[in-house]
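Take a look at the structures listed below.
Shared chain: chain A. Partners: chain B in the first complex, chain C in the second.
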Partner chain A sequence: MKRFGKSVIAVNKANFFVDDDEFVSLLGPSGCGKTTTLRLIAGLERADEGEILIRNKVVNALSPSERDVAMVFQSYALYPHMNVFRNIAIPLEIRKMPKSEIKERVESIAEMLGISELLNRKPRELSGGQRQRVAIGRALVRQPNLFLLDEPLANLDAILRHRMRGELKALFHHINGTTVYVTHDQEEAVAMSDRIIVMNSGVIQQIGAPEEVYKRPVNKFVALFVGTPQMNIFEVKDIKSMKSVLSSQKLSAVEKLMHEGRVEIGIRPENILFGKGPLSGEVSLIEPMGANLLVSVKLLLDSDTINVKLFVSNTMEVREGEILKLSFKESEILFFLNEKRVEIESQDQQNSDREA
Partner chain B sequence: MPERSLNPKHEKGYWWAIVGFVVPVLFFFTVFQIYPLSKNVWLSLTNIAGRLTLGNFYRTLSSQSFWQSTWITVEFSLISVSIEMFIGFIFALLLNQEFRGRKAVRTIFLIPWALPTAIMATGWKFLLQHSYGPIPWILYWLHFVKEPPYFLSLPKNAFISIVMADVWKTVPFCALLLLAGLQAIPKDLYEAMDVDGASWFFKLRRLTIPLMLPAIIVTLIFRFLQAFGVFDLIWVLTNGGPGNATMALSPFIYQQTFNWLDIRNGAATAVMTALYILAIVAAMWVTRSYIGRRYA
Partner chain C sequence: MKRFFLYLGVAFMIFYCLFPLYFLLLGSFEPTNVSYSSPPILYPVAFTLSNYIGVFKDIPLSTYIMNSTIVSLSATAIVVFIGAMSAFAIAKIKFRGSGILLNLLLIFGFFPGAIMIFPLYKMFADLHILNNYLSLILPYISMNIPLTVWVLTTYFEQIPIELYEAARVDGMSRFQAFYKIIFPLGIPAVSTVAILDFIACWNEFILALTFMTKKSMRTITVGISMISGRFSYQYPWGEIIAGALLVTVPLVVIIFIAQEKIISGLTAGAIKG
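And now, the complex of A and B:
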């Protein structure tokens, strides 16, 4: 646990393990405590409670240097007065490695990152993407226990970010580095990680493989935070309105749930089928997204009107104001009771997959 | 409808405002800067009959007093500025630490710099006085010396005294300028070094000092210019004495001009001092642009 001042708890009861050679992302909105968690692991912050272990050793009392971790900062933190070679060589110079070995290592890292021809340049003479590679090179050159990456792609433009995402994933896969990666970009986390830790307000919400977090979010926060466009979530106010959405078996289960609190239904845009079905609604907005159109539809469910978004292939012709026939893929519908996801088939399994 | 221009030059009264702001400045600048300066240069280049001559410079450059004053000024500047930079740097590092009441300490710390030099020099004169000043006697009571030393009436000690008083006064100034430079270094550079395992000394040598060089140069320029023109401290504390032992260039100019009424030689000495200062500034400027190209 980490406190700032007397009353602000930045990270609360964060409990997780990272396996050897695993790439784990800490994902969450700004200010959720993910960077603080990373800094706690690095030793740049001291934990007020709890233990941090690296290679089965409690490191709480150790200084950052004794923990043998390498960190890539969001700002890259390159030394402005040193050229690229020096920037990458610094961790080795600190370790008093012989000059010839430093040269060898720096050059091989530079080659791996494709920055060999930049070794004599100063950071200010580099583009954002090149600086980013230098920062990564400085971390890689040490071959540490653990890599800590703090939003390393946040300062790059969109195209470069996509490219570096793939490169980074391949790179860390190649070197088998154990990595903790902080990001607020869920796409990045899903695309790169073996496992994702979703955080909000200093509390871990869910830990799981990207697919698990995407398909089986433990609560409404995770459901809404992971995935673009966002999951459609709407409240069940009147059970009658759900007749055309749910089978009778689920309908009765939902009805029972409604006695326990607020019930919401979630469905991802790709699980709303278009063309035929029991539901119909008016198209209110069309957003072209390349191969697909993201279509907003005002859906009439008995007395309720709800807004949902769904994908329609761009080969179809859809116009605003048009009435569309839709159906929900029933197996992919998620149920939330008081913001927490519940399984509907077998009642006794409720909440069982909640973690944290 | 006529288009309204956004250009302020088309605003009514714009030119009058310019004239109103510029004329007073120009007037005072001419009366108090340009006129005295050109008058001084003119005096240095003419003889009593108003004829152009280099005689004043010939006499100045061949006088032993002038070279002695030059040497004293150079010695004073080099020694006091070096000590001030060193101590100032240490204080800047200390003041850069997080501690309780840092703001209060920083303010109190500035007091010596805020005092008018003449007043603080009078204070030092009292402190160093042989017969009743506390410093000689405290040194004596603590057995650092066999008898209370004469600070102001022995040539070497008088020189040490003005250096000491100057250091006391200007360390805060150096520390504050250096502190500003120190705080401009991004914190994450230190964190990156911490994670990579750098020692305190490694960070100082490889990060702090190189990144501080621009601030160090600026501080050096300020300090050398002030030290080279030192006047009031010496005038009050030693009056250039004993003998001429602490007669730096500015007091020497004053002595020539107003005590001996040797106005034209004084003017020539003043021009020579101005040339020295220009040379210092030029040298610093070259260093600065060289460092600017290498770092930052």
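And now, the complex of A and C:
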């Protein structure tokens, strides 16, 4: 077991820990268990096994109201019969805070969220974005042990979602709250989090900083799930076809790996360089993505044909059917053995160290 | 054309439902010999208040109304209180056997009330609560619980579970979540079912007739049936009709008041959309 800071959380067979004031995302496709994990932490589900700790205290037996966590639901779960003020104030009312103090706190939170004029409205009179703010206000109004956010942006339209993403990040940075954020949107997770926990089928795949998860995914699932467009991954069927891609050192390492199982090579679109290089392929599809064009290329590698996607600046003129010269940034190539990523560099270095 | 048949159907239904009421109303303001004439006269020909005056003279109407009100109101209040909490538990708190419980309630709901009369009479006699409001309030509660729980469970189930969960996370106990969130949101259903319960209690006859033998403890339904007229050979139809109408007046008033309170669409805006 590893320990970070005061807030320690363990879920089911998977263990993870959230640092004080840390913003951690639970990222995974729908049905991967991330929301269940969050509900376990909140106490809305009972853990069958294992311990959940908040501030070094086992909370398994505590009801949600005793855990002192705040949660923002995907559906916002605003109380429809109460106005915005009371919706935000209710956690404080329950805790029997003096009326004047409640008023003060709610008003300052409302101001922070820009909903001061809405305090007398009922939830049904609010837009989606406004409801969202109220739901966040209700969580922020007290200082809980932990903030739990369950896909709070999922119901907003794209523009609003982007804006709220930035606002939320700034907000939670400002209040220094320990936060667990559930999302299926990897962009959101990467943009907002200090660390990301990637889950699939109820099992934690990887825990790491956004950059780490992006650059050094532990397996093929993480590699494909994080990053848009997806990483290019293709199987090495014949080592000869890799000659123009890999240096001779790596080539021999890959050849060795191939005896152990299925070897795949992965490279992100931005790491395929265009213009010159040993590889050439035919442009099969062009998707404009603002500043860049996402170009699909049918690449001929010896006897193999593989499809890769890469970015080309929109100032370049590329046409479908055109033959492009390409090269892979070798340092950024990832290797997967039976779906798990393996480091080849280090082996090489070890070998060369020994030789030297 | 479709519209025409729709309106025709509606008109027929309204006529079908309201005609008896009209006939009662007519009869209550006419001397018995007119309202009892054959063939019946379906329009007002004579006017008299003697039937109403007769009702007040013949029976202690205000006492009866008071008895009925006390019994019905207390039973309804308790039924709604117990029923709402049970329904809340069944709908929102996971526990083993909640489905069985709901079905058991339905089965008990089908129990004919009349077969309980003898055992209840024996029991209430032993407890010395015959001719006591309790002898009606207690059975009325159990008779109305099944319907109440069923209606409210279905309604509470429609209230998003997230609201309950949010309430719990916000620091509310189960009971607080019930009375601060779920119950207020259930008011449309609660008031509907309360009206139904109240009407059922108000109109109940057999138990009221059996357990309340003292004249001063009678409820209004039993009281009206006791109107006998001054002569044994003359049945005072006019007064009975007037009495029956008087019995329904409080119900109508309550329904009109409650209707205004029933605010539908209260849950709109609870979740997205």
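As a working rule, the second predicted complex is superposed on the first by the 334 of 356 C-alpha atoms of A that agree within 3 Å, B and C clash if a C-alpha of one lies under 4 Å from a C-alpha of the other, contacts with A are read in each partner's own complex, and residues count from 1 in each chain.
Following the convention adopted for this analysis, a residue touches a chain if its C-beta (ideal position, glycine included) is under 8 Å from a C-beta of that chain, and two chains touch if they have at least 3 such contacts.
Keep in mind it's a predicted model, so treat the numbers as computed, not measured.
Participant: Superposed on chain A, are chain B and chain C clashing or fitting side by side?
Facilitator: When both complexes are placed onto chain A, chain B and chain C end up clashing with one another.
Participant: Using the superposition on chain A described above, determine whether A:Met199 touches chain B (first), chain C (second), both, or neither.
Facilitator: neither
Participant: Going by the contact rule set out at the top, does A:Asn155 touch chain B (first), chain C (second), both, or neither?
Facilitator: second
Participant: Contacts for A:Ile333 in the overlay, against chain B (first) and chain C (second): which applies, first, second, both or neither?
Facilitator: Touch status of A:Ile333: no partner.
Participant: In the superposed arrangement, which partner chain does A:Pro123 touch: chain B (first), chain C (second), both, or neither?
Facilitator: So A:Pro123 only meets chain C here.
Participant: Please indicate which partner A:Val308 is in contact with in the superposed arrangement: first for chain B, second for chain C, both, or neither.
Facilitator: Neither partner.
Participant: I'd like to know which partner A:Pro91 touches here: chain B for first, chain C for second, both or neither.
Facilitator: both
Participant: So which one touches more of the residues on chain A, chain B or chain C?
Facilitator: C
Participant: Under the contact rule defined above, give the chain A residues that sit at the interface with chain B and also at the interface with chain C.
Facilitator: Residues common to the chain A contacts of chain C and of chain B are 42-44, 63-65, 69-71, 73, 75, 77, 79-81, 90-91, 94-95, 138, listed in rising order.
Participant: Quick check on the complex: what are the chain B residues that touch chain A?
Facilitator: Its residues touching chain A are 186, 188-189, 191-199, 202, 206-207, 210-211, 294-296.
Participant: For the complex, which residues does chain C have touching chain A?
Facilitator: 160, 162-163, 165-173, 176, 180-181, 184-185, 266-272
Participant: Which chain A residues qualify as touching chain C in the complex?
Facilitator: 42-44, 63-65, 67-71, 73, 75-81, 90-91, 94-95, 122-126, 128, 131, 138, 148, 155
Participant: What residues on chain A touch chain B, complex-wise?
Facilitator: The contact residues of chain A facing chain B are 42-44, 63-66, 69-71, 73, 75, 77, 79-81, 90-91, 94-95, 138, 142.
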